[in-house]
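Okay, got some structures for you below.
After this come two complexes, each holding subunit A, first together with subunit B and then together with subunit C.
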Partner chain A sequence: MDCMNKPLRPSASDGEDYFRLFGLPRSYAIDRASLDSAYEELSLSCHPDFFAAAPAPELAAARAKSTLVNEAYRVLSSDSLRAEYLLGLLAAGRSLDTRALPEGFLMEMLELQEELDELFPPESPPATDGPQAGQAQRMRGLVKERLESLLEERRKLFAGAGESPDEQILRGLQTNLNCEKYLNRLLERLEIIEQ
Partner chain B sequence: MAYSDKVIDHYKNPRNAGSFSKEEENVGTGVVGAPECGDVMKLQIKVENERIVDARFKTFGCGSAIASSSLATEWVKGKTLDEAMTIQNTEIVKELSLPPVKIHCSVLAEDAIKTAIADYRKKQDGSSGGE
Partner chain C sequence: MSELETIIGIDLGTTNSLAATVLEHGPEALRPPGAEAIMPSVLSRSGQGWLVGAAAREERTRSPETTVYSVKRLMGRDAEYLADEIARLHYRVEPAMRGLVRVRIGEETFTPQELSAELLREIKRRSEEALGHPVAKAVITVPAYFDDSQRQATRDAGRIAGLDVVRIINEPTAAAIAYGLDQKKSGLVAVYDLGGGTFDISLLSLSGKVFKVLSTHGDTHLGGDDFDRLLAEELRQRVLAEHPGAELDSPLAAALLLKTAELLKIDLSRALETGYELDLPGQGLRASGRMTREELNELIAPLVERTLDSARQALKAAGKSAEEVQDVVMVGGSSRVPLVREEVERFFGRRPNISINPDEVVAVGAAIQGHLLAGGRRDFLLLDVIPLSLGLETLGGTFSKLIMGNTTLPAQAGELFTTHVDNQTGVDVNIYQGEREFVKDCRSLGRFRLKGLPPMPAGLPRINVSFEVDANGILTVSAREERSGTEASIEVIPSHGLTGEEIDRIMEDSYEHAMDDLNERQMVEFRNMADAVFRGIEKAWEDAERMLSSEATGMIRQQMDKVRQVAQGSDPLALKREMDLLGRMTQPLADAIISKAALTELRKFYEDTGSGPESG
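On to the complex of A and B.
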């Protein structure tokens, strides 16, 4: 792959995007092996070290390209970031309700947080063993289950989205991504409790 | 990034932390969230004759979110519902010296006040217009 022939900043408008950068189809489902090998190949082709003796503009271009490739890999290799990025591409400038949540979801999150408050008061020792640990494990299981069903729903939504999904699918995906943030927050808190 | 002294003060000594029973006739409850970070905030007001006589909050989030909601409960107390509706997030930003990345915490607090008031008014409509 020749690093210099590619534009430095892919954007949805000119048909270039992170997926295309790695020669991958624009989809949520991703072949990790292909992503990894494309990343390796690309980052080698434009690693600034190989341009140390090159004229300044070429070195600068290699640096910029290298940064772009790293950022693209960071986004595509994370399920959440890839989903967010792809949703942005699919929405193609249409505005999304970034606060969309299912009815009653926030209240449920608040109640789970309150339950954690009751089970594990701020001054209590870490729940590493005994019944406390069991409670923490139970809560973690609950949150993990919710996250898994969210991911399952996300896969289905993306699979049925096509290239230009309707508002309802976009909204469903945005809602799905929003929910994940709140559940991840609960998970982070549980991790601290269990430490 | 360092928190301002006022944020730290509210974080360490939160004002009006806790809950009212949300079933109470004269209590309005606002639950709001920030999808940017997964913070959840609950703000409750107790109302007598269109005036907020007491308030509580419970916030699961960063120091700035806790401070913003703590401050919001202080500010709404004693205000009429109409007066409380005019509280702007920018005033919270100023008072707590919140940095740009934490502005959404103040937005959350403003939303929580408005949602609590709306909830109270809805309750009143429901009970006065009824059977």
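On to the complex of A and C.
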């Protein structure tokens, strides 16, 4: 397979950013009600279903616009996707290390993984009750706590970032996003175990 | 309204189908004069033609090998996947090329698409009869959890039936449109749709104008038919316990057991206990017994639990809890089963809404969507999702997701490809749909071959492949090599389903057959007409010899022979020509006879009334 695994965003070339598309300020903090109503309004104006009987170029344009609106909404309505997208805009072409982690973080994650492996060997049945379920719950609580504090840190970093943040803030945000990925993977595994 | 094109909504169900449309006063199911709106999704082969609907359903127990039901379960699926299903069906299903299956009836075989097309053709005909004008366009509903192949198969069936399928829409979503617009609801709504052969659950957020599907889950092989099957098996065991020698495995006995089970299920939806009787005249066997609703519940409980598992998955994907759901709408004939209602009520902690007609609501929703697509209204919008993630096979057989399940449609994703051999001019890409880690656990949709790349050193080409899923949930792929700007051509090789050429051929065949059928029907009509004319001439022959010259009567005799001769053939137009000629020859005779008869009548009239004509 010759796949380079580089996702393309429909917006990449058209110069319009998702925030502007929805008439929202370019910020991590987002007003959900405004986002939702802007999404509805845009969808009502450009969904291809309203152009089913229109000439082909008009229908194609509606489909393209509607696709962009859907993708923008998907990104902006998710905390992590929005953070990643905004960071990309703020970094403005500067490359950031997508593997950078705070000191000790990787070790901590590996220890948690090992603990999980010991408690729940790969082919073990789901832990819905008993002492193991208690363990899984405890670990889930731990991971959730870490995620909460990551989000808090992210809010602060973005709030202090301004229009053109310095390298240090950008790196801090990238590291924050990298950590979240690890924690989310752990959380996913715990959810599977608990089901 | 009248200037709008009619786009009917069709609920093409596993056990029943029907159509609806939007009229001046609102949406309604289409009822042909003197017929039910609902048509059983059953076909029975009779000679060169098909019996469709209620008449075909009667044939299930009379002629099980030539009667086809539950075709929907075969759509877009391969023989391997369908093995269990095929073993249970009373007609023969055989594996065919490229993962297709074909239904065998005697010497003939048919794809599920062709069979579905026959159902759609009949629905189309009935709709035209109800509306009094031709119908060319339709919105067809499919289970929300249908994958790309199953959607394509449905769309192909429409094409074969001569319908322009302007939209494929998900059944629970269609129900939500009909329900939401009718009750002016807003908030979080769950649609629980348990039909004859499929189950779906969808969560929607309704806000005045916009119906947004948040998530969907389901099982395309779980429905009321499975309840019947379990009941039939229970009956079989009971009869065998009582009559150990009974032969219950013949298609006929199996069909009878199934029919008895179905009736039993319906009875037990109303009564707590009921009796059953099973007649096998061929074996001189008559078995009877009683069954309670509790016994039925015990049989079907595991299946109902599976639907609740789906509900949990859908809630999780939407990030919602059961308590947040403000309305639960139950759709599909099988939502009438008491245990289903009880369990759904328990699961959501609220009484489900059963006020709407569960049989008609899906077709009505599709009709409303059709009305919107025809430009009839702009006051609501449906935002639906792709049910399963779409992606590619990457190294080591892993599944790399490009468009995630539950993404709002239309959606698009791109991927960059390159070559790994110098001067390579083509790249193969395998497309899959599913939620698992490895492609072996996902469903192969097809292989895409990028061809016509300009020769370049390995790794240099940048081939941008774009995957687009339209509002129908159907995928299209396009590609472009960015360095040279060449559009790489893409050849789509569907893993399942029909190629474009195959559909064209089926359409040609069916057109030819339609011509044959038409010819044959016309020949029969003209022959009957000729017989009637001959009888008339013979009756009037005495008068003819008296009124016409011998030359004229001789010519009539000659022409009659000619008509007889052409009636043996198969050209209706030639027969019509000869009949017309005969008609012209006998015209003076007919005129004379008619005036003679009229005169006789007139005389009789005046004699009766006692007065005479004033003058000659």
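To be clear about the criterion, the second predicted complex is superposed on the first by the 179 of 195 C-alpha atoms of A that agree within 3 Å, B and C clash if a C-alpha of one lies under 4 Å from a C-alpha of the other, contacts with A are read in each partner's own complex, and residues count from 1 in each chain.
Basically, contacts are C-beta pairs under 8 Å (C-beta built on N, C-alpha and C of every residue); 3 or more make two chains touch, one makes a residue touch a chain.
This is a predicted model, so every value here is computed, not measured.
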| item | value |
| --- | --- |
| Partner chain in contact with A:Y182 - subunit B first, subunit C second, else both or neither | first |
| First, second, both or neither for A:S95, with subunit B first and subunit C second | neither |
| Comparing the two partners subunit B and subunit C, which touches a greater set of residues in subunit A | C |
| Which of subunit B and subunit C A:Q168 touches, first, second, both or neither | neither |
| Partner chain(s) touched by A:M107 [first = subunit B, second = subunit C, both, neither] | first |
| First, second, both or neither for A:S43, with subunit B first and subunit C second | second |
| Contacts of A:Y73 with subunit B and subunit C, given as first, second, both or neither | second |
| Interface residues, subunit B side, partner subunit A - complex | 31-33, 35-40, 42, 58, 60 |
| Contact set on subunit C toward subunit A in their complex | 5, 166-167, 207, 209-210, 369, 372-375, 378, 381-383, 392-395, 400, 402, 407-420, 427, 429, 464, 466, 468, 470-471 |
| Residue numbers on subunit A that touch subunit B, as the complex places them | 98-99, 101, 106-107, 109-110, 113-114, 177-178, 181-186, 189 |
| List of subunit A residues in touch with subunit C within their complex | 1-8, 10, 36, 40, 43-44, 47-50, 52-53, 63, 66-67, 70-71, 73-74 |
